[in-house]
Amino acid sequence: MPFINIKITKEGATAEKKAELIKGVTDLMVSVLGKNPQTTVVIIEEVDTDNWGIGGLTVTQRRLQNH
Amino acid sequence: MPFINIKITKEGATAEKKAELIKGVTDLMVSVLGKNPQTTVVIIEEVDTDNWGIGGLTVTQRRLQNH
Amino acid sequence: MPFINIKITKEGATAEKKAELIKGVTDLMVSVLGKNPQTTVVIIEEVDTDNWGIGGLTVTQRRLQNH
Amino acid sequence: MPFINIKITKEGATAEKKAELIKGVTDLMVSVLGKNPQTTVVIIEEVDTDNWGIGGLTVTQRRLQNH
Amino acid sequence: MPFINIKITKEGATAEKKAELIKGVTDLMVSVLGKNPQTTVVIIEEVDTDNWGIGGLTVTQRRLQNH
Amino acid sequence: MPFINIKITKEGATAEKKAELIKGVTDLMVSVLGKNPQTTVVIIEEVDTDNWGIGGLTVTQRRLQNH
């Protein structure tokens, strides 16, 4: 019955990659903690780089600096 | 002062249905726990079916299998 | 498959009240949005009044002021 | 290593304002709690006014009433 | 820079199991999405079985029924 | 009406420090985005160092390594 919320920056992760991630995280909940996969919920949230900050700068700002 | 976050798959819930849900949840906080409705906040997040997994599959994949 | 996260201040809600709230919210997801109750997950988080702020004051501070 | 999630109604906050908010919150984590800014993550989520309720009404409904 | 929040029922997961889960999820973010592990944050929240509901019943209630 | 959720490792932040943080974040929502402080909610969650991972290790493990 675990619930997993994954937040990543929005930069074009494909449906296939997201499905692979959901499968992988679900498998881990089973193999590590013995959870029931049928009630394991995984939600992926993709966040605009203007809305994600680390080190006091948005990801948008950090990428501009790195150019 | 409760805060309620509702996550559902994004599939066309109307503004009317969402308003009805917000009203219903707020009323419950009052009737069950005696909370003040004026400071009860309810947020609904609608998540793409590619980004929601259960049982190791995305909702998109599950619906394709059920066809 | 909805997921609902309820945050309230920690002040002795009984297991019975919490069960009643979980039942009520689950019923709403069914009656308003037609969701499947079997995959509706509700989680209640109880937060210390020192850790909850509104209007720039913690709930602990607000209650002291109201005495 | 703190993680801060800010939810606001979606109403046109500019990238500059969001960057200013992220900088301000990060600085607070450093000045108040002595946290390392380099591992302080701030995420802003902008929520549609149809999906945000307070006092049992959506923000959309409240604004219509106030006209 | 991903952020992953895992919610499970509180029932004695050991520090070793939790560390194994954190390692596994971090590795997945790297292998599936090419994320930087150094800025991947994973937080595990353990929730009392009175506070976790599924199918309209708390986990505490469901376990009593299954006895 | 903003909602801010701050997650930090549990290591003895005092009630005074937490109140200062809540005040500071609320003031920022007012000064940067013009939000109403009276409906600004800030919640601080303190997470055990066994339950917080970064770089694939729990904070507990990282601190042991640094000794």
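Letters are used for the chains, namely A, B, C, D, E and F, taken in the order the chains are written, and counting of residues starts over at 1 for each.
We adopt the following convention: a contact is a pair of C-beta atoms (placed from the backbone, for glycine too) under 8 Å apart; a residue touches a chain by one contact, two chains touch by 3 or more.
Predicted model only: the values in this text are computed from it and were never measured.
Chain E and chain F touch with mostly distinct residues; of the residue numbers seen at this interface, under half occur in both copies.
Across A-B and D-E, it is A-B that has more C-beta pairs touching. With centres set at the average Cα position, the gap from chain D to chain F is 14 Å. Distance between chain centres (mean CA atoms), chain C to chain E: 20 Å. In chain D, the positions touching at least two other chains are 1, 3, 7, 25, 39, 41, 43, 45, 52, 54.
Chain contact topology: the protein chains form a pattern that is neither a line, a ring, a star nor a complete graph. Working note: touching chain pairs come out as A-B, A-C, A-D, A-E, B-C, B-D, B-F, C-E, C-F, D-E, D-F, E-F. Looking at the complex, you find that chain D touches chain B at residues 7, 45, 47, 50-58, 60-61.
The touching residues of chain D, counted against chain F in their complex, run 1-9, 13, 17, 20-21, 24-25, 28-29, 31-33, 35, 39, 52, 54, 59.
Listing the residues of chain E that touch chain F in their complex gives 15, 18-19, 22-23, 25-27, 37-46. Contact residues on chain A toward chain C in their complex (touch as defined above): 1, 3, 39, 41, 43.
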